[in-house]
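Same chain, two partners: subunit A is paired with subunit B first, then with subunit C.
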Partner chain A sequence: MARPSFFGLLLIAPALAMIGVLFLYPLGFSLSSAVTGPGGELSFAAFQKAYELYSTDILFTLFIVIVSTLLTALCSIAIAGILTLSETPWLVAILRSLYRWPLFIPFIVAAQCMRTFLAKNGLMNNSLVALGLMEPIQATSFLDWRGIIITFVWKQVPFVTLMLAGAMASIDRATIEAGRNLGASRLRVLIELVLPQVAQTLLVGLVLSFVTMLSVLSVPMMVAGSQPTMLTVDMAFRINSYGDYATANALGVISYVIAGTVAWIYLRHNVKREAQI
Partner chain B sequence: MRKAFYAAGFAALLMTSTASAQTLNVATAGDQNMVDYIKDYLGPLFEKQHPGVKVVAVGTGPGDGGSQKIYEKLEAQNKASAPADFDVVVIHQKAAGTMVQEKLLKKYRDELPTGKLVTRDTATNSLGTDVSGYVMPMFHSQTAIAYNPDLIKEPPNSYVELRDWVKKNPKQFGYNGIKGGMSGVAFVTGWVAAFAGDEAKLEKGPYDAATKASWDKAMADLKEFNKNVVITPGNAGTLDMLNRGEIAMGPVWVDMFYSWKAEGKLPPNMRLKLVSPGMPGQPMYYAIPEKTAQNKLAAEFVALATSPDVQAEGIVKRFNWYPGIDAKNLEGKLDQAVWNQLFADIPPDALAANGKPFPIGPYFNDILETYEKKVAN
Partner chain C sequence: MSGKMELSPGPVGPLPLKSLGQTHQQAAPSRSTTAMWVGGSLVFKTLALVVFAFLLFGPLANLVLWSVAERWYAPFKLPVSYGLRYWEVVFRPTGDAMSSLVTSVAIACLTVVVALCVSVPAGYALARLKLPWRTALMILFLLPQAFPSVAIYINVARVFYSIGLTGTIPGVVLVHAAHGLVYSVWIAAAAFAAVDKDLELAARNIGASPLRTFFTITLPLAAPGIMASAIFVFLESLDEFTGTFFVGVPQVTTLPLLLYNASMGGNYQIASITALILLVPSVLFMIVIERFLKADVLSKVGQ
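Up next is the complex of A and B:
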């Protein structure tokens, strides 16, 4: 019995070492340096400073990421729903060929595009003015929190839709057809029959999106001004301008806590489901 | 431990770069125009005079953050007793002081043929630290308020007038806070000097940690002021918004302003105003790391960069900076029109009266931190 387990360990050793060196060690390091004072003693000064300087930004980050996640969910359900349930083939064909594009565009490029698209005299407002839908004087810049949310949603919807549409395609069509035959509208079929069957996939997609958006630096930096801003920008600023790793790590720990809470919700849900099965 | 990791990374970098011995690595902090200056103008000029030498320019990012990166790298290499892989560095004032104190730089100015052409006191005093001999000013730059004369007939003359103007014209003034480059930082330190008094103490010291408590009123006013301004995404962001007509006024670097105007990225009628009691300006310094392998070549590079010809053609004419060496050495090298252009909006006497240095290092940090605590949060 001892020998196979030794070889088994040997086989997974590279993977374990990789996780240890590239993930666990840096994680532990940043956790410990966040609670270490200048003299090497245990200290929460960095957290106090993070709170004094950036409490608004912590709330702002939460707000942006939660709103973006909710909007992403709505848009993805709408698109995946149309792809699965629509009876208009050309609409499905167009949507199917279009929706994936943002997947292949990096965040920084998306941010750069949005900078010129959403500006006060940018492409979007100019088009609306040219179409006569808006007077030039009404034009406002979207390059603030709204710009960040628009960019995030634009970038994450295809990802979640891709997962969701795949899951919807693999559920038993008979359930959908039964619903339709009994006279349920397509919206009702989507909400009451399809969504409950793919809720798990939707949750996974949203959790991954949430964590991704929490960690993006380029979008808040480029799209919006710096007050208030997201935690990633504050971390970069503490390190770049002051070499202040303690406060940056404290902000990092706050991010872990936010991401960890979401992961916990997901895991709890997952365990409950497994217990049911 | 972190330092050890850095050192390992840099050592790996070093091994790849020592392949061609005659490479001069120039690391520069600052906006893209700094990299452009070395890559497009100074580098090729030096390569022509020194056949077989290749000048490689690396940009490390805008603001003090860019200089901080250079400092961290040199410091890590020093701790690891490894030779520096930057041969010439171009840095801001705050980092220059730290680097001189930690003995990371070479004392080279006295042997430089152009060393005696420098007269401004920033060549010896960098935000309160004595850097005499260690640095050569590359140029001086100045911040000022840019405005659109079509929208503003009479620009404010002082911070007080500006504050009242912003109250009457909400969302027409924009600046980039303190995280997006130095023009916003300059505006904020100017604000503190204007409204919290004792400017001389901020500029010359001595440092007293209790002083920051006296800024509360000024910072509260700034928070109020911020409600009626637009926070832009950076030095270039302010100019962008001025160009698109989204704001009518905002603090900018004078050199960037002129360059953008020359490139057609700003309407030609845009003007500048240096408000009283003053806004800060700063030099960028050429410095040579203590442990570079390319000692002689690096000194020759800086000598060329600070020669009157290069200062006239490159610094003043092409990039619209104020010269780093005494301006009288440039006489006869430039036609009068170029010279006048540089002083068109801000005449020399206004520059002398309202062009201020940044506060000394510790006050500078206190101002930024108080801003984050009391204004931004």
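Up next is the complex of A and C:
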């Protein structure tokens, strides 16, 4: 077993071929297409065009994804914190059975739900009006950047919470109880004792959510139709309306850079952590 | 509470575990204010839970309402008239929805077959055989999930167009299988890693060939994990929108594409019923997943 197994390579070859043809080749294609001019020469004209036409959308995408990630972090920490630290068994039991529901709901179904729920005459506004919390005249449609953020947070919180609650359940209860014994409030125990021990898991969950939200096409298309919109919609528009692969691929490369930056921050944090240990 | 805390029981001595939660209330309040505080806390917790449940299920409730609303327009808070007319339209044997459902399920089944054909050998190799750069190979399978996928799919569509695969079922199946490969390979590898090696050695000792050992010992023992990966791939394929949007159009209409077209066309009833059909397998999966993905397999995922 000391030398690499030829048989093993043979077994894994079909899977590798599939990744090569259906992922690596198109990836290389998109990179080369973004920096190639119409005559086949090296050119950054596509990036310049992408910047001129879509600089607002690049900022809009960054804004949406960063705000959604931060809100997801906040909600997940709150829910996982209650699940771990609450002393009210019925609250924990109900919350545990509730929070997972959106986990396996597809993005496109979530988008359709929100398209009706957040509309001007949707169930949200109607319920608020019926409860007397809002005047009918105040009802506004949330189907813009707020709608995209709400959909993303609604869909991603269960995922991050699941990871976070699992990590919190496996940390040493003694440290939590010691903190409580010494008179620290539960909020303080959560922030100063529990969170530092699960920071790694939280970061992994948030990085995965960030990249997922960056690549979703259906939610920005269905929840918010108008300008400004997210880069995924712009790419689809460039292809379907103009067949303009150069600009679309330049936008694609920009989204790789955004995803890559986040992955780099994560890896750097990891290296730092390992250096400390 | 600065820095690290000592784990000593403290000056009060070992407390009974039940009273741990109350020790921070230093000043003993009178009985009536305690009752009020507890009552207020109960009301607050219940209220918070109700708001949470509303935000969680409100969107889904709206979906269900739309699916049974025959007429629903602006000033009315609830549908004007209810009925199952649109359900009949969707489930009419000759309708678009039924053909989309058949297309979707067929594509998902084919995707599972393709993904398992390549991931079972790959998973076994990653779990049991010595491979160079094993970690790098594992990460390679993760990449299609970790990259913004729209930019990949537009180029896949371009390549497929030149070889006549756009708008065909095999084209869509290939895209879905590549997308689901991370689940199938990682979970299959974890499932094979969780099989006890001694059982295989015992079978070999009493004279079974390697191939027979694999098919009578290893594969049956890894089957629940592989089943879980198949379910994952099936669902991913059923719910996939972006890849089908670029590669499948205009001939291949899966349920997510039907939902999109209906919703953008303003036909919320059809869109909502399609969305509910898509929800069924997702919810079933959430209920049964723990049966298939056992803790011993789960702890080995990604290793």
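What we mean here is this: the second predicted complex is superposed on the first by the 255 of 277 C-alpha atoms of A that agree within 3 Å, B and C clash if a C-alpha of one lies under 4 Å from a C-alpha of the other, contacts with A are read in each partner's own complex, and residues count from 1 in each chain.
Following the convention adopted for this analysis, a residue touches a chain if its C-beta (ideal position, glycine included) is under 8 Å from a C-beta of that chain, and two chains touch if they have at least 3 such contacts.
Bear in mind that the values here come from a model prediction, so they are computed numbers and not experimental data.
A.B. asks: With both complexes superposed on chain A, which partner does A:M222 reach: first (subunit B), second (subunit C), both or neither?
C.D. replies: In the superposition, A:M222 touches subunit B and subunit C alike.
A.B. asks: By the touch definition at the top of the document, which applies to A:W101: first (subunit B), second (subunit C), both, or neither?
C.D. replies: After superposing on A, A:W101 lies in contact with subunit C but is clear of subunit B.
A.B. asks: Count the residues of subunit A touched by subunit B and by subunit C, then name the partner with the higher count.
C.D. replies: In the superposed model, C touches more residues of subunit A.
A.B. asks: So, A:N121: does it touch subunit B (first), subunit C (second), both, or neither?
C.D. replies: It touches subunit B and subunit C both.
A.B. asks: A:I137 in the overlay: touching subunit B, subunit C, both, or neither? Say first, second, both or neither.
C.D. replies: Neither: A:I137 stays clear of subunit B and subunit C.
A.B. asks: First (subunit B), second (subunit C), both or neither: which does A:L53 touch?
C.D. replies: Once the two structures are laid over each other on A, A:L53 reaches subunit B alone.
A.B. asks: For A:F29, decide between first (touching subunit B), second (touching subunit C), both and neither.
C.D. replies: After superposition on chain A, A:F29 lies in contact with both partners, subunit B and subunit C.
A.B. asks: Go through the superposed model and pick first if A:L42 touches only subunit B, second if only subunit C, both, or neither.
C.D. replies: Neither: A:L42 stays clear of subunit B and subunit C.
A.B. asks: In the superposed arrangement, does A:Y242 touch subunit B (first), subunit C (second), both or neither?
C.D. replies: first
A.B. asks: So which positions on subunit A get touched by both subunit B and subunit C?
C.D. replies: The overlap between the subunit B and subunit C interfaces on subunit A comprises residues 29, 115, 121-122, 221-222, 245.
A.B. asks: Where on subunit A is subunit C touching in the complex?
C.D. replies: Going through subunit A, the ones touching subunit C are 1-5, 7-9, 11-12, 14-16, 18-19, 22-23, 25-27, 29-30, 33, 87-88, 91, 94-95, 98-117, 121-124, 126-127, 129-130, 154, 174-175, 177-185, 188, 192, 208, 211, 214-218, 221-222, 231-232, 235-236, 239, 245, 248-249, 251-253, 255-256, 258-259, 263.
A.B. asks: In the complex of these two chains, what residues of subunit A are touching subunit B?
C.D. replies: 29, 52-57, 115, 119-122, 141, 143, 221-229, 233-234, 237, 240-243, 245
A.B. asks: Contact residues on subunit B for subunit A in the complex?
C.D. replies: Those in contact with subunit A are residues 1-2, 61, 63-66, 68-69, 71-72, 176-180, 226, 230-233, 237, 241, 244-246, 365, 368-369, 372-373, 375-377.
A.B. asks: So in the complex, which bits of subunit C are touching subunit A?
C.D. replies: 1, 5-7, 9-10, 15, 20-21, 23-24, 26, 45, 49, 52-63, 65-66, 74-75, 77-78, 117-119, 121-122, 124-126, 129-132, 137, 140-141, 143-144, 146-159, 174-175, 177-178, 181, 185, 235, 238-239, 241-242, 245-246, 256, 259-260, 263-264, 268, 271-272, 275, 278-279, 282-283, 285-286
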